[in-house]
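I'd like to ask some things about the structure below.
Residue numbering begins at 1 within each chain, and the chains themselves are lettered A, B, C and D in the order written.
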Amino acid sequence: MWIIRDSIFIGLLEASPLILAAMGFTLIYYLNGFINFAYGENMTFGAYFAVMLNVGLGLNFYVAIIPAALLAGCLSVATYLFIFRPALNRGVKPSEMIILSVGLSFMLRYGLVLFVGAENAYLNEPPIGFYNFMGLGATNLQLIALILVIIFALNLYWLIYKTNFGEVIRGLANNEDLAQVSGINPHKVSVRVWFIAGVAGGLSGIFSGVFALANPQMGWNLILITIMVSIVAGVGSVRGALIASIVAGILTSFITLISKPLYAEVVLLLAFIFILWQRGGKTA
Amino acid sequence: MKLHMQGLSKSYHAGHPVLDVPEGTLGEYGLEGLIGPNGAGKSTMMGLLTRRIAPSTGSVTLEDGKTTHRLNPLKSHDVARLGLVKTNQRIQGFESLTIRDSLRLAATPFGQETYRGVLRDTTMDAAIETEIDAYLARFKFDDPDGFAKSGGEKKLLDILRCMILKPRMLLMDEPTAGLPDDVTQEVMKLVGEKVKAKEMTVVIVEHDLELIWKHCKYVHFLSEGAILFHGTPKDVKKNRVVAEKYMGI
Amino acid sequence: MAYLLFSLSLLLVYIGLAQMLHVQFGLLGIPNFGVVGFWGFGMYFVGVLQVQLSMSFVDAMILSSVILAAISYGLGHLILRLERQAILCATIAFSAIIALLVVTEKWATMGVVGLGTIRYPLRVFGAEEVLHFTLLLVFVIAAQLYLHRLHGSRLGRLMIAIRDNEELAASLGKDTFRVKLHAFTITATIMGILGGLSAALNQFLTPNMIVPSITFAVWISLVLGGKEHALGPMMGVFVTFGIFDIFIETYAPVSPEFAVLVPNIKLFLYGALLVAVLLYRPSGFLDKDTTPADILGGILRAIAATLGGVITALSVTAKGVETLAAKTKKDDDA
Amino acid sequence: MLDVTNLSSGYGDVEVLHDINFSVESEIFAVLGANGAGKSTLLMTLAKLLPLRGGSLTWQGTDVTQTRAYDLTAAGIAYVPQEHNVFPDLSVAENLSLGGLVGTRPKDERLAEVYDLFPRLADRKNQFAGSLSGGEGQMLAVGRALMQDPKLILLDEPSAGLSPKFVDILFEKIADARANRGVSIVLAEQNAVKTLEVADRVLVLSLGQQHLLEDAKALDRKQLMEAYHI
């Protein structure tokens, strides 16, 4: 039994950034129907904004999170307005949109490297405390990250499924023509959705080093698993992304506990190909 | 060639079927029409016959005098190779192929596109080129060596692509939509010649009923997923049910 | 000189990969985002068989190709019926699996320690590098000639038709899945053969050679060069790898301070170029109807652009050196 | 209210409608024609989901030829497509709520009216719209349009694929909406008889051309059969 309990506990701790990233990524995927690799850089930049505000401006560690996430949201909107929307308007096909997003991802990532260097950037952490929780160890930062992720994820969930704006988003993703004749301006809604997704991505980046550090490659390392989780979760369902990311986290830690950590990824990747095949490749 | 449907049905949601044909035969009379109001299931029937849509129940068989082919286990390309071909209602095309290349593609028998063939100089086949030239002489395109430009040219190319496959049974799904009148006349003339020469049997699905009355020997009337009536154009035109289903009278 | 030969050989490998991707994506529309997986599989498999089992190069290459062909065929069966985004994800996943297995299976690959030394297949004392380069050159030229023929052939026409409208091609009696499956298997296996040839080229293999950047470098080359043009892959690799990795890194007189930035600038520009091309010229440098005359003009323009870049780089460097000198002088004075 | 002058429209490479002229007043305005006549294209163009290729469109005295679909909706024109006329992954209540985005009266008030008109929808309010039957789906689509408090509804073949009983109910509701709410309706239909029972005036299309424009009462069977080529 310990192995299940441990898997769930470690899995949740590990999956917490993934949960936000998968939900945010899914929002964009759901609305615009293409895979956005540059979302990885959205996470990276979120973490760097936090470093900048925390170390550079000396802002309190927890306070810095909020403006950093908002800045990440703005970055996301900027990529939409200046790159993706013009491309969509020109009728670039989904498979080419992906290549475009890869290009943007390279640009942002190595632009960042040129700007801040390839080394890790560290945050000024508050003192680390160590807690014993049902016989399992976790640091105070890990627990706070987990709690914050739960709060943010629930908020996002509530926004999408319980508010009028959530209806608008889902309606627009469901049937754009009908949304338009219901009085919805798709561009306005898209801008807001990219902002929300960007905020989620930024938060995910901040949490993914458990507040510790930022690195230009961090988003890139997370984006593949984010894409997989989001696609496995089904046809652009934010609810599904929430569940799938938790399952992926728990499954990873379970396999890690019984074998080599890297096998967990291999198993996940094989499962991913298998699920795609089973579903007949309906991604969007 | 004849198409025989047996217990053929298709339902997308459990319950109400979009098409339900206990028994039916198409292609006995050379040139036939298939008509019916919106939502009657004409497109579904076309899709089922060419194996683009899998049926919920029932089977389709293709009879060409000697042999009978069961179509159920076949893929859509197998059906085409048996000689059953359909023109498209919506404009379809290969945007990177010129008109001539598009016709060459259709005229090349499958299996001749080999990796070794790439090394041999076999891209031009004299017989095929002659045939294409004949078609292009009869049907004028703005620039036969360029791309099909207007919707009409694309639609015509779609029909010619099917013709050059030399099908033994041709299903035409709304051939006139988007086609200029004079081209429609010429297409129908060509179809008439092929049918007369017993090279192919043709079934036309059309909204333009004038065309059906004028050219078809036999008409099937489809409504609410069932073949309600079939007969000569005269009989069908006289039938009250037809007017009723079309206009609710 | 030896380094130049190595770089040129690597350039040929990239051209070869881009040529195969041209068939997969440019002609057939299969978005293979796992190029590094197929290439890396060939490289490591040939390397392991040679080092651990002392197999001859030819035997190792044959065995590796047969196995990779079987894998590609199986993978193709699973994914080639899927829609494009799904194919893209599945091939990325495939390459990630290969990269992970190289790290975990230490008994065969030596893991992060690295695997070596792999010897050249053609062992003539003193001329091994040249012969290996020649082998790659012959390989790439042969592939290029075949591609040119393919573009005007029945098979090429069919491939383009499948890319444009697969359902319509099927309705004309073409077994589109079979065409895709065979082409995918063949080209993926050739990617593995190029990997096998890269094993000898690199001599010493480490897992960090199997990184997604390779896939993307090939993609960027193809998309920049022109995905639908037979010369697109070659052109693309010249303007990316050729200019940056060979010309600037090897020849441009860049100061060491500046040199460490070059790879990052390169990747940044790759990204920027890709964005610009997709937004403003989606067909890439060479349109599918580009003629040889256009290409010549393009080359001249490319040279001009390169010279411009080099001059800029030189002036930046000169300025940097000047500042540095001034600073050193100030320090000295102090 | 709505004036259509020399309108032409189509999809992609094909021009479907040529030179259409009419104006809709406070009435039920029927658009009849066999399939392929261009009814759906006409309504889609009026809803501004297809751009006009020629001609102009005026709504309550304002030129709306270039107006976007969502702005036209806000100006009081609702549109019910023939197919894909609900948000399948949203519940019935959410579908109606989206319809209520425009309009000024309290949403709950309008919702109550729609549930009143279609009690079946109230029973199914938490069900996904994608799981409704054909008739219920049509009701939801009409209900969603009524939620907008429109001055004009463009209704594209609401009877297609419905059982006769449902068609009767639906036409009754349409007549009801006209009579009690004063909303004008452009009703595209193939089913001429039912339509003529409720319509004031009729535009008959034939293969993309304007065949005739007539008072519903004055139209006789022969004219109609001619237009339908039967």
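Rule of thumb we're sticking to: a residue touches a chain if its C-beta (ideal position, glycine included) is under 8 Å from a C-beta of that chain, and two chains touch if they have at least 3 such contacts.
Because the structure is a prediction, the values reported are computed rather than measured.
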>> By raw count of C-beta pairs in contact, what's the busiest chain pair here?
In response: A-C
>> Per-chain Cα mean versus the mean over all protein Cα atoms: which chain has them closest together?
In response: A
>> Using only Cα atoms to place each chain's centre, name the chain farthest from chain D.
In response: C
> Distance-wise, how many Å sit between the C-alpha centres of chain A and chain D, to the nearest whole number?
Replying inline: 42
> Which whole number of Å gives the spacing of the CA centres of chain A and chain B?
Replying inline: 49
>> Centroid from C-alpha atoms only, then distance chain A to chain C, rounded to Å. What do you get?
In response: 30
> CA centre of chain C versus CA centre of chain D: separation in Å?
Replying inline: 56
> Which parts of chain B, given as residue numbers and ranges, touch two or more other chains?
Replying inline: none
> Should the pattern of chain-chain touching be classed as line, ring, star, complete or other?
Replying inline: ring
> Name the touching chain pairs, would you?
Replying inline: A-C, A-D, B-C, B-D
> Hey, which residues of chain A end up touching chain D in the complex?
Replying inline: 164, 167-168, 170-171, 174-175, 177-186
>> Considering only the defined contacts, which chain B positions touch chain D in the complex?
In response: 16, 37-39, 91, 150-152, 154-155, 174, 177-178, 207-210, 213, 237, 242-243, 246-249
>> Per the contact definition, I'd like the list of chain D residues that touch chain A in the complex.
In response: 47, 49, 68-70, 73-74, 78-79, 81, 84-90, 94-95, 97-99, 101-102, 144, 148
> Which residues of chain A touch chain C in the complex?
Replying inline: 34-35, 83, 86-87, 90, 92, 94-96, 98-100, 102-111, 113-114, 118, 220, 224, 227-228, 231, 260, 262-263, 265-266, 269-270, 272-274, 276-277, 280-284
>> Touching residues of chain C toward chain A in the complex: what are they?
In response: 29, 31, 75, 78-79, 81-90, 92-94, 96-97, 100-101, 103-104, 212, 216, 219-220, 223, 261, 264-265, 267-268, 270-275, 278-279, 282
